[in-house]
């Protein structure tokens, strides 16, 4: 096989494929399960060509039964394999809820059995998918001890976090944002690398306001930060990357520096991850706070379909800018 | 009437599509809902039916090209069939309102943030003496810092002062507290910040001012205009010296504005000679004299000390030979000019007495490397040592 | 029992209407005017038209995504369907949901959620309510071959059978679930085998023969109404296009499609009606023209309907609680 000497840009989606491919070729315990991932290559084509390369048993097409798929993957994982399950859409993860929250999450705590399982969950809106093809279900699992949750925002992180997830000895839900699949790309390192689970990253340094966010909203925050720069407001963007366990140190350091904070997520507001972060800051950074903590999140409704409704639903750079101006003036 | 043909969204994650084939030639007629073109995405290849009956008057995207969803591909001139001006773009409107922008915070004057309380407590500030400038008259961190500034009692920043914590703010009997002037404070802050920001490296050169002398005396000038001249020519040869650092990249400045450090009673000011590269020696001489005089008498306008792209410090005026100056941020280099002294130097295998000076260039190693700095300095040196200076240069 | 001329003409009209409407959906999708997913039932229309036509007015359906015909038979208009697809305020969900995710209790339709087979346990609950209140109403529900692999399917069948609930389960077996062929979905040849495990009587019908579906459904509905409990009806058919508009279905052997093309439900119906002497080309042509006109009107209605305002997204999360006065 020849690889082009010229570095080319890799999309977020291709980065996910690369991570799977590399891990499968270097670790024969790794195998894939899911609906339509075989000859079809998955609903989004992440595993296109994988079955030709790795055969039918390592790229296993399953019946339409999420609970059964996850349960089987848990069993295989406990026997020493490293299954990576694809949910066709993150929305359907609810069909596998008890296997994830009861079996996968509690095994090690109760009786010490490791469940090195990865569930890939294509999530998020902005694609006119309506109430059942757009959700951000991370908060359901954020509340479950024993699960690790990651949500990359760039191609680099997408690849590095997936490799880290596959090598992890715990169940990891890997939230991949559908809107970013073919919209973000970058040149990736040729050598093997991982992005460690549990480490946030400052995607833009700033001194006045910290935006704490993840997933597609990182790009919304960066867009807002650029616009605010013109107004002389210097905003820092913290990309959580891992949602559980949270990298609270990076979040707190940023807020101690700026004193002002916006927590931004695409998921609905009530009971979302933002609430937890706000509570941590209130508990542990109280003296550093120089303004009320602001949360920007989707309103508490299902994700609507019609473009004007979905536009209304999704947080936008404009919302961040409006909040930031108030904080700057506070 | 014309209708737009746009790249449709063929699948949830699809961001772009490729035109495989135009099925109707340019100018030809097409019926509503008949196939107009073939489009391919990562997922599928499909015939796209025409949204109206009419002639294909314009093809903007050619076969084989890949464009984002929503891109205008072609235009159709059409005869309205049923009178309803249907257009392929009519369904999607831009958002007018959003579900989040209504979030507001309010600040009543007596609502102090924890950070403000913390700062006030640390410095034992009586908050009733401060007028707030924040939302609805709130007292902000900045208000407290400015108050302290006036009192001359605390560092600019709350906890981590740039100047480090003073040992104690109450002097003993053998000590005396000299309040900091705001100029002192600013200088201190900027100097420390520059050292923390840039990767300072200094390189030293020596220049022979023999050929400068006659012209200098003829025009009654100091050495400085000649040095400015040499620097601007060096910058023309190595424009990177006239840049500044930002996280996104280097910002190369197209105008050459030279700052000249002037010692004043309370400290130091750096007035700026704008477009120094476009001025001759006489103009430079006049301008430097004027700026320094007004700097000392505190008559400079704010814009006269702003916008410098490179700075020269003439420490030789007080007899200093060479120095390691601190870069004036966000510039990337500063040139120190030592005293011009008559020294014995070897010229053409004999010893001669020449007016010599040491030149010290402090540069930011993040931006340029030693080789570039030295090439720049060689250029400055060779300009200064040019065989004969034109009065009008 | 044979089918009457007027019944057959009714069925034929809805087959044609469903076909024309979904063809229009495809066109609008490819023109970029429908922005979400588009799933159609081309070649499978006889199933939804057949079973829905055998119901009575106050019965309930809990359909799935290949049941456009059932929506139309229950009175959802083509204009409403297109408004729904275009995200317009005049659609049954007022823009909140897309494609066939629509319902209306007044017309006896329970809205589908994407999560396949979730509608089946709900259908048993509807039947339970009828039984508890002693009503003679029944419920019909449908799912794909793929949907029968989910636990909810089995839980529903089991409960319905144990309690002899008045529910009839249909299965649109179009031999694929997205790209997954039947033999990777289940190890049995006929989906109807699944019913045996729950002691539910099962039947297999030709899903491309609208009269068979209609008559079989009628019998099962009568049995349910009479307290005989659930029936499972497997309708054999073939998905004639991709899973949705963005799938070119390269994984389906072309010969299979060629073979099934000959069994097109509309051609089948025309052949049979001619044999029975119920109708001929002039009548078919007339219905065709009528359907075309209706679709044109529907397109116009949908396109001229307003989009919702963004803030309408906030409406309707909770039902209002009218104050109940106790006397």
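Note that the chains take the letters A, B and C in the order they are written out, and that residue 1 is the start of every chain.
Operating definition for what follows: a contact is a pair of C-beta atoms (placed from the backbone, for glycine too) under 8 Å apart; a residue touches a chain by one contact, two chains touch by 3 or more.
For clarity, every value in this text was computed on a predicted model and none was experimentally measured.
A.B. asks: Among all chains, which one's averaged Cα position is nearest the averaged Cα position of every protein chain shown?
C.D. replies: Of all chains shown, the one whose C-alpha centre lies nearest the global C-alpha mean is A.
A.B. asks: Among the chains, which has its CA centre at the largest distance from chain C's?
C.D. replies: Farthest from chain C by mean C-alpha position: B.
A.B. asks: Quick check: how many Å separate the C-alpha centres of chain B and chain C?
C.D. replies: 64
A.B. asks: Using the average of all C-alpha atoms in each chain as its centre, how far is it in Å between chain A and chain B?
C.D. replies: 35
A.B. asks: Residue numbers in chain B touching 2 or more other chains?
C.D. replies: 9, 12, 14, 43, 91-93, 95-99
A.B. asks: Pull out every residue in chain A that's touching 2 or more other chains.
C.D. replies: Chain A, residues with two or more chain partners: 128-129, 133, 299, 307-308, 311-313.
A.B. asks: For chain C, jot down the residues that touch at least 2 other chains.
C.D. replies: Residues 35-37, 87, 307, 309-311, 313-314 of chain C touch two or more partner chains.
A.B. asks: Which part of chain A faces chain C closely enough to touch in the complex?
C.D. replies: The touching residues are 35-36, 38-40, 43, 61-68, 88-89, 91-92, 94-95, 128-133, 299-302, 304-313.
A.B. asks: Per the contact definition, I'd like the list of chain A residues that touch chain B in the complex.
C.D. replies: 13, 44-45, 122, 127-129, 133, 178-179, 181-183, 204-205, 259, 286-292, 294-299, 307-308, 311-313, 315-316, 318-319, 322-323, 326-327, 329-330
A.B. asks: Under the stated contact criterion, what part of chain C meets chain B in this complex?
C.D. replies: The touching residues are 27, 29-33, 35-37, 86-87, 242, 245-248, 296, 300, 303-304, 307, 309-311, 313-314.
A.B. asks: Can you list the chain B residues touching chain A in their complex?
C.D. replies: The contact residues of chain B facing chain A are 9, 12-16, 42-43, 91-101, 103-105, 107, 113-118, 134-135, 138, 140-141, 247.
A.B. asks: Which residues of chain B touch chain C once you look at their complex with the stated criterion?
C.D. replies: It is residues 6-12, 14, 33, 41, 43-51, 69-70, 82, 84, 86, 88-93, 95-99 of chain B that touch chain C.
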